[in-house]
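You will see two complexes here that share chain A, one where it goes with chain B and one where it goes with chain C.
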Partner chain A sequence: MPNLLEVRSLSKRFISEGGPFRKARSMHAVNGVSFDLPRGRVIGVVGESGCGKSTLARLILRLIEPSEGSVTFDGDDLMAKSPAQMRKLRARMQMVFQDPYSAIDPRYTVHRAVCEPFEVQGERPMADEVSELLEMVGLNAGLASSYPHQISGGQKQRVGIARALALRPSFLVLDEPTASLDVSVQAQIIGLLEDLRSELGLTYLFISHDLSLVKYFCDEILVMYLGRVVEAMPDTAAPARHPYTRTLMESTFSPDPSKRRLIAPLEGEVPSPFDLPPGCAFADRCPNASAICRKETPELTTDTGHAVACHHPI
Partner chain B sequence: MSMLEVRDLGVAFGAVQPLSDVSFSVGKGETLGLVGESGSGKSLTAMSVMGLLPLIGGRITAGAVEFDGQDLTKLPEKAYRKLRGGRIGLITQNPMTSLDPLQKIGPQVDAVAVLHLRMTRAEARARTVEILGTLRIPEPALICERYPHQMSGGMKQRIVIAMALAANPAVLIADEPTTALDVTVQAQIIRLLDDLVKSRDLALVLITHDMSVVAQVCDKVVVMYAGRAVERGSVEAIFERPRHPYTQALIGCIPRGLEGTERLTGIEGTVPTVMNYPSGCPFHPRCPRAEPICAREVPAFSTGGDSAAACHFAEVGHAKPA
Partner chain C sequence: MKTSSMTARTLDAFARMSIGRAFASGIGMVAGGFLVLLVLVAIFAPWIAPFDYAAQNLMNANAPPGWPHLLGTDEFGRDVLSRVIFGARTSLSVSATAIAISMAAGMTLGAAAGYFGGFFERAVMTVVDLTWSFPDILIALIFVAIIGPGLTSTTFAIAIAYLAQFTRLTRAQIVRLKRETFIEATINLGAKPSHILLRHLMPNAIAPVIVVGMLAIGDGIVLEATLGFFGLGAQPPTPSWGAMMSSGTAQLFLSPWVIIFPGVAVAVTVIAVNLFGDELIRALDIRDRLRGS
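For the complex of A and B:
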């Protein structure tokens, strides 16, 4: 199967300039991320807040410029494209945002919001296209004249999905599309995304902090910690090999009272991403850390297709 | 013996009735989970118990809130002040806004013991350092000199817990204590609360939308929907033999990526808001089992085994969720 997306050594460094009372600092929000996404697959990116998942999403769509690295979409090197060429290409790669409350202009009707992507491309939707799109995402076409404040959060997220689908893309980046929704509505939206994937043959990059949701929804998983991919799981049934992934799994509660376990919580919290010390970023919280972990940053290596960036993988 | 008992609680704001018929009790060393989606009345129940309704313009119109045998609904504000933050502690959802950003941590926590236990500043500080230590906060004496913005979210939530514990509460109400936190930090905080319940014989009311948290630490559960309790029972009964269609559907909505791959079912429609609560059973417009009676009459609780469900068809035996 040909790869729809190839990401190579993608990095983004943010520099916070110094001032009279502050030293200049830099942070690697995304650090040397590489992966392939075959057509029709769903890859999940999971990690805690500040691990760089949303920055990665924006880099892939070139909504922000990377410091290093390349992204190839359907054979096209995105970094070589002019802004006008990028705009044309983005018709085929769209994004669904986390917060449907701020992703839609409050002064636009649902109809106008769904028309917006056409306007950006200098096109006009066909007569029934907007109502078809609304029906495709399970919304009554009668809602077209409503304003965002008149509809519920779940309905707003459906509008967000309809907008993303408007230009018939082949690739969607889903950035925590259900994080602000109730669990019963989350299940509806996830079901809708599953249906759309098989009907339209879509490829997804799914970003979430919820490991059980990622395991449910995705074919492959990338686990990120402080800007780096620490583990790339080729399938969701694979046991964790990185100590961080294992901790993440152990911290995820089971919805079954008969499977209570003594949670041995990970001590400490994610360190500040500014000016990280050398070595593995997880070393200070890792039960298996040794001297080498504090000196050398482990590379993401694999011999079985299940890659892990750890000096002492499980 | 129950430390906190809420019976048939009803709350109104003017003509709007956002809470009706909520009952539960929680005893020493026990954790009760109050679970439901947004707008189901969980936080309002917490506000009612804390006697904070007048602040937001609400009032208790029915039922009783008993703390240690004393009815709080008839308590004058002055007496309530002694209880609130004293023998009944509250942990709020957002640790980022629960602390005064202009005051150091130490004095903020000290104030609780000074006010409620009539300690001197020095005694209160010694107590603060001790409590911070038991919450596994490293270098507690140093932390007292820090400002909230110098600390992480998980650490701030521990400070909020320390403030709730400072006056030796008998009952602790935790309103979504881990919603703003990452999973690894959530696991730490939930574990900490569970340890406190056991070591201090606390009665904990844990308010959450997360069924997995409930499954892991609660002894008893009340499921709320649209301002009403719809099912209550032991945690095993609620998860293994849910009798209310809403509870069943809610359990079917939890992604179980770590265990199985059954398709998530979702619940048709949306959660009603307080301005359009349905008549009769609040769940009937979304319920697969609904019949005409459900729109007319509010179902009474019927008990079966160790749970009770407010459903006209609770006895019929609904299909067990996957």
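For the complex of A and C:
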């Protein structure tokens, strides 16, 4: 089965220019990320806020230009496309955004918002297509004439999903689609996304900071720390090998009271992403760090398909 | 075709939603009613004015208010009421035209600067800010020097005087809106920059610009009167409130009505414009967005 998406050493460096009173600084928001996404699979990307997950999503969709690296979508090298070709191609790769509250123009009705994808691509929706789309995402067709401020956050997110699905894409980037919703609504949206996936044969890149949600929802997991993938788990049930992933997993609450335990919080702060020193970025917070960790940056290596970037994997 | 019907629909919705609500309060009704009346007077001036505004009658010069000259006559015996009525035409049309030009140019420049950013933005904003450092009178003088005194010079002078304000305000709105998720979402649907600008950024940015434009018409009337007062605006015998006041200064004590009535017309109109503008701000609920420009 060919890969729908191939990402190769994708990097994004932001550089702030120096001036008379400040030094020039650079930060690697995303640093050498590579992975394959086979058709029909769901890859989850987890990490703390600021680790570059959302930047990675925008790089893959070429909403921002990468500093290095390539993205191949369905055999097409995205970086070689002209703006016009890219606009055409966007119909096949869509995104659901983190904040449904600002993801719809406040002056657009639900109907107009769902029609917009067709309008933008120079198409015309079929007679019932808009109401079919609304029905598909579990919205009452009667809401079509409502404005965003008249509907709930969950409904807004459903409108966002309907907009994303309007052009029949094969690939969807879900950028924390449930992060700003109530827990009960989160479950509905996740259920909807699961149904849509099996119905429409979609491929997802699911971005989240919620490790237990990612383990539940995804086939594979990429763990990011300060712009780098530190662990790639092809099997979500496998035990974590990177100390960072391990601590991340141990800091999730278990719903079962009998499994209650003391949570060992992750010590220290994420270091400033500006001008990172050499060595493993996690070394300062890592219980297993040794001298080599502060000198050499560990590469993502694998022996069994379960890759980890650590000098002392567990 | 599609765009024009869209514009019509937007304007229609705008009228129903905002201007309608601005009329709802007592102040808004009085001020707005006065402005509507003034516009009607300006349009139908030839039918309303009791006399020809240019007809001289030196035998009856400087007649005090009474019958048949309700507001008296000036030093040439011309009817002051008729001249004030025709002056409304000059003042309103010059100010409205100038502000319309200024708004159109300012919105275009501001939107382009805010949207494209970078060097283009800096260049546009520097030039636009430069116009702010010239006194309005000086800009008017430059135009008078180039194309001679008259309403065209006045119009361009007023338009340039307000250009910076509209450009800065529009740019600030666009820069703020550009960061919204729905813009990124629409780009991700494959939208062209023109779609983003015309269908999302401008419609969301326009409300505060319209309010500021409304208020600027009041200032434009004062500026037109000022330029007219200095003889840089309307040339005789075209009546303009400022020019009338200017000629009235010569016989300020002999026949004060010549200067008082056009002065009152300017004052009342500008107060009405400002009060209505305030109501419009309240109706649109955009007080916070008018700052930050």
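Basically, the second predicted complex is superposed on the first by the 313 of 314 C-alpha atoms of A that agree within 3 Å, B and C clash if a C-alpha of one lies under 4 Å from a C-alpha of the other, contacts with A are read in each partner's own complex, and residues count from 1 in each chain.
Following the convention adopted for this analysis, contacts are C-beta pairs under 8 Å (C-beta built on N, C-alpha and C of every residue); 3 or more make two chains touch, one makes a residue touch a chain.
None of these values were measured; they are calculated from a predicted model.
Participant: Of chain B and chain C, which one touches more of chain A's residues?
Facilitator: Of chain B and chain C, more residues of chain A lie in contact with B.
Participant: Kindly classify A:Leu211 by the partners it touches after superposition: chain B alone (first), chain C alone (second), both, or neither?
Facilitator: Only chain B; A:Leu211 stays clear of chain C.
Participant: Looking at the overlay, what does A:Ile292 touch: chain B (first), chain C (second), both, or neither?
Facilitator: In the superposition, A:Ile292 touches no partner, neither chain B nor chain C.
Participant: Looking at A:Pro117, would you say it contacts chain B, chain C, both, or neither? Reply first, second, both or neither.
Facilitator: In the superposition, A:Pro117 contacts chain C only.
Participant: Classify the contacts of A:Asp105 with the two partner chains as first (chain B alone), second (chain C alone), both, or neither.
Facilitator: It touches chain C, and chain B stays clear.
Participant: Output check: A:Ala187 vs chain B and chain C. Expected answer is one of first, second, both, neither. What do you get?
Facilitator: In the superposition, A:Ala187 contacts chain B only.
Participant: Looking at A:Leu63 after the superposition, I want to know if it touches chain B, chain C, both of them or none. Which is it: first, second, both, neither?
Facilitator: The answer is second: A:Leu63 touches chain C but not chain B.
Participant: Would you sort A:Gly160 into first (chain B), second (chain C), both or neither based on which partner it touches?
Facilitator: second
Participant: Between chain B and chain C, which residues of chain A are contacted by each of them?
Facilitator: The answer is that chain A has no such residue.
Participant: So in the complex, the part of chain C that touches chain A is made up of which residues?
Facilitator: 180-182, 184-192, 195, 200, 203-204
Participant: Which of the residues in chain A come into contact with chain C in the complex?
Facilitator: Residue positions touching the partner: 61, 63, 86-91, 94-95, 97-99, 102-107, 116-117, 120-121, 160, 163, 167.
Participant: Can you tell me which positions in chain A touch chain B when the two form their complex?
Facilitator: Spelled out, the residues of chain A in touch with chain B are 48-49, 152, 154-155, 182-188, 190-191, 194, 209-217, 236, 247-260, 263, 265-267, 269-270.
Participant: Under the definition above, what is the set of chain B residues touching chain A in their complex?
Facilitator: That would be residues 37-38, 152-155, 182-188, 190-191, 209-213, 215-216, 235-236, 239-240, 249-259, 261, 263-268, 270-271 of chain B.
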